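The same subunit A turns up in both complexes below, where it pairs with subunit B and then with subunit C.
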Partner chain A sequence: MLEFHQEDLGDTVVLKLKGNLDALTAPELRPTIDELVSSRRTQVIFDLGELTLIDSSGVGAIVSLFKRVRLLGGDVKIACLTNQPKEIFRLLRLDRAFELFETVEQAAEKFKK
Partner chain B sequence: MPKLITTRGPTRGREYEVEDVCILGRSPSCQIYIGDLTVSRQHARIVRTARGFIIEDLGSGNGTWVNDSRVSQHLLQNEDTIRISECAFRFVEEQERSGEGRWVNMVTVVAGSEHNLISTNTEPRIKFFDTQLNASEEEIRDDLSRAHRMLEALYNATNATSSTLEPKRLFNKILDYLLVVFPNAELGYIMLLDDKNQLVPGAIRRQRGREGRSARGLVISQSVISQVMHEGKAVLSAAKGERDTLSDTNPYGGQASKMCSPLRAQGKTHGILHIEGTPGGRAFTQEDLDLLTGIARIAGISIVNASLHERLMKQQRLEQDLRFAKRVQQSFLPLEPPEVPGFSFGRRYNPLYEVGGDFYDFIRLPDDRIGVTIGDVSGKGVSAALLMARLTSDIRYFAMSEHDPSSVLDRANASLIRNLQDNMFATVLYLTLEPGGKLALSNAGHIPPLVRRKDGTVEQIDDATNLALGVLADTVFDQSFIQLEVGDSVLLCTDGLVEAKNAIGEEFGLAHLERSVKGASPQQLLDDILRDLTHFTGPVAQYDDLTLVSFTRVA
Partner chain C sequence: MSITVPCALRYRDPVGALLLSVCQQLEHNGAETGLGFQVVSAFNEAFNNLTQYAYEPPTRGVVDVELTIADSELELTLLDSGKTFEFETVTDPDLNVLPETGLGIFIIRSFMTDVSYEPGDEGRKNRLRMVRRLESADAARND
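After this line comes the complex of A and B, so read on.
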């Protein structure tokens, strides 16, 4: 099960994910990702505070948005990582690609600078 | 796609497919070229609109004529005759009767109920001799001919449907057959439940010669759907007397009699079979409804059979793809561990799926070194197998030209970034072994290797772990070196091992793994781990592939 909702914080989009982001649910996120890219949103924050599980397909979905937003000259930041997703981000050393933040506000603040 | 057939003029007999926009004229750039000086260069055009195909005169000198009236704009109907100067074309709207049975107008479900509804249970009432003893000879003959008509229709329906397994063709066959049985019907359609339990259009067919009425939108009322779908009843709307709400939307006026029957099989309702009479024409009767119900019973069973067959075919195609991908993938996995002086190798490869994302490789390098790769590509199935194949060959290639493991990963990353689907990435650990025991490694997001020293101490080599491959173009890859002494062993694994879970959802984990690494030879080491793992998980099904590679310095 994956729930997600999208919220605008000025120019920044916050995508809040809840539940599991895996091979089964990652395709559900695909249209939202395509939409963000085609509307050229270049500041994206993933709020993963309530994400309980992520697998390689799930990471793939986030990486996909990351690569495409970077091509537009923007960035994707990650907020509120915890539990298993935090462990996966650590294992894959994704902190070398993504900036990680404790809170959405901190991530949003970084975009303003 | 509709067609224009030339019925008069120099290109007589020639057919043109009418696409979204199609210009008729004397200019050679026109889709329909008419080489006649009395025709304007761009004379008229046919444009697809939501309502249907419209022909527009483009300010021509001699005008555009449809069915002998001069038009500036006209919604084309099937079999309309278009005349431009001395040339004439027949407009044939073919899609209605083509094999595809494409929907021009979707069915609109309207709220509310319908007047004059007669409903019947779906057990077809075939009354053979319902006649009283004192019935006249005529009444008996009528009854007999009714029974005969019904039996014949059912027999033919069985024949018509039993030989077709392709769903679309079957729907069309059923509907065509209904239009023969009910000559007063104008059209029939099938709607079926999809995976989300929504009624979606399956096919529509119209009585031959009445295709021109396709501009009329189709409506069905919620009350009919619920009676048919939920109560499993067949319903008849005689549409006599007062106007019913449904035909108000009928621009042609008049009232159409309608019948709707559930398509049932295996105790479930799978959809509806709906037929409509000609507006103002003869209304359907109770007897017609009984007949429709009987045919719908047969149709329901064939439709379920056909969709089962289709699913099976799809599954078979998918399995064929997977078998192919598996062959591709296996051709990239080493058959046997290498025989190298000074080292002894072992490996275990258990893909959970037909085709997994795990891979490993041994590469003989110049100057007696040996390269070892283990990795895991994101995703499963065919795309994962092809990515794995690509990555394996990339690494083999770069390993030949680059000395340092970090440089090999650097080039593999650049190659992946250029060519990868953007949602794919891979974790790879690549290391080289020198005959003297020097190990160099670089790690792209993979589970770090464990080293078991001869004295039994186990350490994790985590200091050369970098970002996974295929994420960021300018990733910098670190590498590190270890000296292996005789008797030291190394274990490489994929996350299927660390993330294996037991019945209460606990992971096997690195800590557990470190305790399991005891064996002094690669084979012993792998056997110990697998035994511990099986002991830990019990009979719980695992959700990932499991790949292990181990080697020991023996001399």
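After this line comes the complex of A and C, so read on.
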């Protein structure tokens, strides 16, 4: 099961994910991703502090948004990565592609600089 | 430990939770930290593949999940009676281009020590065998 909540911090969008982002639930997130891109929201933070599990399908959803936002000149940052998702990010070297932050506030601050 | 479940995604996490619990007990007894997350990640990708490719709808087959633990290794085997899979021909993705698909087999191979696939034939199921060497947390830290 996946719960996600979208919050605006000025020009920055925070997507807070809770539960599993996987083959079963990633399709639920796709419309939100499409909407962010079509509305040209180019500063996105994923808050993954309560994400329990991610699989390759979940990674695909996040990477898809990352690539599309980058094409618009923006960026996607990752906050609060922990446990199994952290293992997956490390294995797939996503910790090199994405900027990782301990907190959402730190990630949001980076967008202001 | 052996458990048989329908080959559908909603049955993946109950089995994954069992595996995680077992592996975290092993971690508690001295196995390296992260073992559970890694084994469950490999299991999830293997199970995902079966739900996508093994059985053509409306056929609904089952997956047998077998877990064996020895002193030095953990063996996780998934058996199915669906279509065979060209496991050995799957190449590793180029992580530098941030692929959005094709990561599952790479995750399995990376998190498990030895992975082999035997296609089934009459009366014998397809068998994906994933072995993970068990290292102590101390040994893993010294690597």
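Basically, the second predicted complex is superposed on the first by the 113 of 113 C-alpha atoms of A that agree within 3 Å, B and C clash if a C-alpha of one lies under 4 Å from a C-alpha of the other, contacts with A are read in each partner's own complex, and residues count from 1 in each chain.
Basically, a residue touches a chain if its C-beta (ideal position, glycine included) is under 8 Å from a C-beta of that chain, and two chains touch if they have at least 3 such contacts.
The structure displayed is predicted, hence computed values, not measured ones.
**Q** What does the overlay on subunit A give for subunit B and subunit C, a clash or a fit?
**A** Here the two partners, once superposed via subunit A, clash with each other.
**Q** If you stack the two complexes on chain A, which partner ends up touching A:Asn83: first (subunit B), second (subunit C), both, or neither?
**A** A:Asn83: touches subunit C, not subunit B.
**Q** Does the superposition put A:Arg93 against subunit B (first), subunit C (second), both, or neither?
**A** Touch partners of A:Arg93: subunit B and subunit C.
**Q** Quick one: name whichever of subunit B and subunit C touches more residues of subunit A.
**A** Between subunit B and subunit C, C touches the greater number of residues in subunit A.
**Q** Now for A:Glu3: first (subunit B), second (subunit C), both, or neither, which partner does it touch?
**A** Touch partners of A:Glu3: none, neither subunit B nor subunit C.
**Q** Applying the touch criterion given at the start, work out whether A:Asn20 contacts subunit B, subunit C, both or neither, answering first, second, both or neither.
**A** second
**Q** Is A:Arg68 touching the first partner subunit B, the second partner subunit C, both, or neither of them?
**A** Only subunit B; A:Arg68 stays clear of subunit C.
**Q** Regarding the shared-chain residue A:Glu28, is it in contact with subunit B (first), subunit C (second), both, or neither?
**A** neither
**Q** Taking the superposition on A as described, I'd like to know which of subunit B and subunit C A:Ser56 touches: first, second, both or neither.
**A** both
**Q** Out of 223-231, 421-429 or 457-465, where does subunit B collide with subunit C after the chain A superposition?
**A** 421-429
**Q** Would you please give the residues of subunit A that touch subunit B in one complex and also touch subunit C in the other complex?
**A** 23, 56-57, 59-60, 63-64, 66-67, 91-94, 97.
**Q** State the interface residues of subunit A toward subunit C in the complex, per the touch definition above.
**A** Where subunit A meets subunit C, its residues are 20, 22-24, 53, 55-57, 59-60, 63-64, 66-67, 83-84, 87-88, 91-94, 97.
**Q** If we count contacts the way the header does, which residues on subunit C are in touch with subunit A in the complex?
**A** Result: residues 9-10, 12-13, 16, 34, 37-38, 40-41, 44-45, 48, 51-52, 95, 98-104, 106-107, 110-111 of subunit C touch subunit A.
**Q** In their complex, what parts of subunit B are in touch with subunit A?
**A** Going through subunit B, the ones touching subunit A are 357, 376-380, 422-425, 427, 445, 447, 465-468, 470-472, 475, 495.
**Q** Show which residues of subunit A lie in contact with subunit B when the two form their complex.
**A** That would be residues 23, 26, 56-57, 59-61, 63-64, 66-68, 91-94, 96-97 of subunit A.
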